[in-house]
Amino acid sequence: MNWQIIDQSLPIFAKAFQLTCWLSLVGIIGSIIVGIISSLIQYFKVPILSQIFTAYVELARNTPLLIQLFFLYYAFPVLGLKMSAETCGIIGLIFLGGAYMAEGFTGGFNGVNTSQINSGKALGMNDLQLARYVVFPQGFALSMPALAANIIFLIKETSIFSVIAIPELTNTALDLIGMYYRSNEYLFVLVVAYAIIMIPVILILSYLEKRVRYGSFGN
Amino acid sequence: MAEEILKVEHLNQFYGDWQALHDINFTLNRGEVLTLLGPSGSGKSTLLRCLNGLENYKSGTIYFEGKKVDPTEKNWQNIRQKIGMVFQSYDLFPNLTVMENILLAPRKVQKRSEVDVKQEATKLLKRVGLEKYVNAYPRELSGGQKQRIAIVRALAMHPEIMLFDEVTASLDPEMVRGILKIMSDLSEKDHMTMIIVTHEMSFAAKIADQVLFLEDGKILEDTPGKEFFTKPKTKRAQEFLDSMNF
Amino acid sequence: MAEEILKVEHLNQFYGDWQALHDINFTLNRGEVLTLLGPSGSGKSTLLRCLNGLENYKSGTIYFEGKKVDPTEKNWQNIRQKIGMVFQSYDLFPNLTVMENILLAPRKVQKRSEVDVKQEATKLLKRVGLEKYVNAYPRELSGGQKQRIAIVRALAMHPEIMLFDEVTASLDPEMVRGILKIMSDLSEKDHMTMIIVTHEMSFAAKIADQVLFLEDGKILEDTPGKEFFTKPKTKRAQEFLDSMNF
Amino acid sequence: KGSSSNNSNSSGSNSNSNSSTVTAIKKRGVLRVAVFGDLPPYGWVNANGKRVGYDVNLARQMAKDMGVKVKFVQVNANNRVDTLNSDKADIILANFTVTPERKDVVDYAKPYMKVSVGVVSPKKAPITKASQLKGKSLIVTKGTTAENYFTKQKNVNLLKFDSKTQQFNAIKNKRAAALADDNSYLYAWVKRNPKYTVGIKSIGPKQYVSPAVKKGNKSLLNWANKEITKLNSKGFFTMDYDQELKPYFGKEVKSSDIVLKQGK
Amino acid sequence: MAHSAINVFLEGNNISRIIGGLWTSVWIAAVSLVLGLALGTILGVLRTLPNKVIRFVLRLYLEFFRIVPTIVLLYLAYYILPRTFHVNWPASWMAVLAFTLWVAAEFSDIVRGAIESVPKSQRESGLALGLNKMQLFRYVLLPQAAKLELPATINLATRVIKTTSLLMMISIMDVVAVGQQIIEANNQQYPNAVFWVYGLIFILYFIIDYPLSAWSKRLTAKHSR
């Protein structure tokens, strides 16, 4: 380990660090929005749309992000649709993440006890009221673990952005290695950088998960 | 005086190929208590659930307050507001406080004013001895307390009729008494029309104005008054009564 | 004749700061039935669990068959082979058939021969009327059937003493009878030493040779014979008995 | 591990790799060569799935002369050094330009090719001077001399890719104003992509391409030096040029632009 | 137009090369899964034991693999292990190593979760029968946990398969690397090959992963009933 090398590389890594955080944040928020919309459409079985979204979820969940990005970045322009690398990255991440989030929320909604739904019905609630007051609050709490796992997963997936020349953390490390051949140092900084992002995220998520779970189910 | 509040004709229900209810017919008058007895699996819960449209029954007609029920989900949503139901598993909404549990349906479904319903809820909570717990969450309550809140929640809707499905079955024996007392009071003081499924025979014998005995989805006996407990007509009912007393 | 099979001295158990058992002392003679009564949360299950080492009790001594028990996990593993226990939740292993459930411990723990144990298992299954179900999986059985298998599973170990923790509490009322009958038989015909926690008062009154009444983790009464049910010494016990009969 | 200092060997590469000595290679019977897999006409895989190209030919010849089989390890520009240091290959024949920085981390044998950085751009908007790149995007491959050169120029926004396939796809998708890489591939590439032109034919210093071995691997280094000399004298490189490169270049490239005269 | 570019698959033996690349991905995924699940089971069991030190160490292990993206793991295994620890296997085995350790980490958490969600009463009735710790795990906890963890395990498998798309980053000739070779080799004749080649790879991954995740979904639905 040569600390001088590490020290010199820090400004470059700092920029990449910001980019990784920013892309992750946008990707995660986008994924949650897409996930909620998609799971709502599936929950209410909106005709046609729900079939489309089911197909989308399966397609996105069962193919690698790398290929999705290659497609967006290299193959789409062939069809005349060109987007910047960052746009491709974010769209790719949201495409993938939205499907994972949709699965998570749908799992949560379906996990709500039928006896809870029955007692809501027995109180005369209509479908919308049932969804609004019974299924969603409890289903959301049930899907917290999946939500947390997905967030962690998506942050890590930003490392794949390096294949479409987005200068995020992994790309930066691999690039520096290619130029200066100090793999040990740069990979070390890379791992530390991910740890700095992930550890607080993991801690906050597990705290939130406990809070929500306790708030909703008391254990 | 004897106004028919509920009338069931030729009700049949299937699960797949399995017929859970066979040609059920009975009537219930306003202010009376019907107890539904029968061994496990005989279809008691299924029947109750048909009576407030939680099951899509296969065929048959239900008349509620003299009107034939059009068995669409939309229509049932209206009727259910007049039918209170309490289940064996105390199904309070775990994410809401006691008061929020009680307010939810009157506010959102019946659109009544908050002040109004709150006042009434407080009165009902006092009546079941739980006024202290307005802001507690279900997780902080014992089973017996939860079940009392579930009854209050149903009563806050001003139901015309209450359905109770083995509401004491999951409770500690000591808790059972309190709940049964509340049900007796509802009948005696409020003249609430009720259908009760229970395994507490002595309680059933005390409260029943009419007894339906079910087996394998069929009504074996439909007896007015308390005669069922002393002189059951069928051998099967006699056996059932015996088995309930060790 | 009265050989002490079990003796408990100054047993204390805590959960965190909360003392679940306070200075428990009692003795039980071979061939006798001890019933453990008390309201919910009084520590009955905790006491039973201490008696076969499922809890690491804080202090106190247990003597089993005259020998002081050294409370290490290793030692308990041996002693547990002589103590059968059946729980409220019918805990058959869902991944094994009825026969496999019964064979597991005699084969793997006691290393007895398969033929031997199988023969015995068949006999026991016949005794509880379930010989047809040898190859069934627990999910195919009703609660009462599962509980009978659980008893057979414990008996196949040739225990010196059986512990029953509210074994009928989750059963349909009609199933309860069969289980209680099996327990009576075990006492009367096999002279099995037993400790029974139950809320079935009339059954308890019939079978008990000795009654312990617990409240808040303390023994309030330790009464030989059936006197407890007719002339309880404490007011609390009287209230308890009242609450159990509606 | 590695101590401080100016000896900028990547830590751990201090061993004189016993698994890549000539004896060890002969004993193994296999020479492991790092080559490109997507850089026609130097190192690539043709439509029949066969590895071909100028570098690949050289690799085959070397293995033949050593009397062993050849095994290819496909690399990208940025992991060439690591591939040696991590013992994934014995020798690099992947258009590995000699630079002072690289000399610190690997040992170069005698050069076998001339090269310098060029810049390709669309004919419609040709880039002919480095100053035209100010404030524009420029595509490079990670770990190339082109990247190195332009990293030192300010005001050029570099888009860095892992592989040649990716970088050429990117320029075709018009993701940048131009692409910089070794001029010889660019010549080959524009011949196949006539809408583009090598607007800057040579920028930065003249450079050479050499085989590289792990730092301290004297045995293989000496062997490689002798081999290059021998092949040079036999005219192998001219032959290799004619066979592998010439068909891909336009008339602006001559054999003498690429192949070294004996001696240097 | 783009249509003619589909003919790129008819050139030479391109199709069989792509399938060959896919096979590389699949066997690496399969071997890693088998080894990773075995190791993960052991680690998962260890994590349910009371020993604090073991639990802490294994937790660190898990968190390391949760924090570091797989792409970085592959680099670490491929470039750092040989130098620093003098482990030098062929690239595909290094990938297997990295994947195995990753799978083991993720699976250990699945196993721990599953064992802990076997009802406490099951553990106790096993103990009450005199089973020792080993027997308890062997006959009671693990078989029941296996059933609980199956859907999550299948999902993990689909993730591993998808992650094999990164193998090309460490010089393994997986389906993506072969695809790039084909795109480059046919660049002139089929300028739109990029669309068809990545499209085919996309479909191939889908064909492998979709049945697995459908299976896992079915199991989950069955569980919750």
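Letters A, B, C, D and E mark the chains in the order given here, with residues in each chain numbered from 1 onward.
In this section, contacts are C-beta pairs under 8 Å (C-beta built on N, C-alpha and C of every residue); 3 or more make two chains touch, one makes a residue touch a chain.
Which chain is which protein? Per UniProt: A = Amino acid ABC transporter permease component; B, C = Amino acid ABC transporter ATP-binding component; E = Amino acid ABC transporter permease.
As the structure is a prediction and not an experimental result, all values here were calculated from the model.
Counted as hops between touching chains, the shortest connection from chain B to chain E is 2.
With every chain reduced to the mean of its CA atoms, the largest distance from chain A is reached by C. Chain centre most remote from that of chain B: D (centre = mean of CA atoms).
Note on interfaces A-E and C-E: more C-beta pairs are in contact across A-E.
Annotation: 80 Å between the Cα-based centres of chain C and chain D.
Taking each chain's centre as the average of its CA atoms, chain D and chain E sit 34 Å apart. Chain C has its Cα centroid 52 Å from the Cα centroid of chain A. Across the assembly, chain C contributes no residue in contact with two or more other chains. Residue positions of chain D touching 2 or more other chains, listed in rising order: 1, 10-12, 79, 82, 85, 162, 166, 169, 172. Touching two or more other chains at once are residues 79-80, 83-84, 194 of chain E. Touching pairs of chains, sorted by label, consist of A-B, A-D, A-E, B-C, C-E, D-E. Contact residues on chain A toward chain E in their complex (touch as defined above): 58-59, 61-68, 70-71, 74-75, 78-79, 107, 110-111, 152, 156-160, 162, 170, 173-174, 183-184, 187, 190-191, 194-195, 198-199, 202. Of all residues in chain E, those touching chain C in their complex are 119, 121-122, 124-132, 135, 139-140, 143-144, 147. The touching residues of chain D, counted against chain A in their complex, run 1-2, 4-5, 8, 10-12, 77-79, 81-82, 85, 101-102, 105, 139, 142-144, 147-148, 151, 159-162, 166, 169-170, 172-175. By the touch rule above, chain A contacts chain B in their complex via residues 113, 115-116, 118-127, 129, 133-134, 137-138, 141, 215-219.
Taken in their complex, chain B has these residues touching chain A: 49, 52-54, 73-74, 77-78, 80-81, 83-85, 87, 89, 91, 93-95, 104-105, 108-110, 137-140, 150, 153-154, 157.
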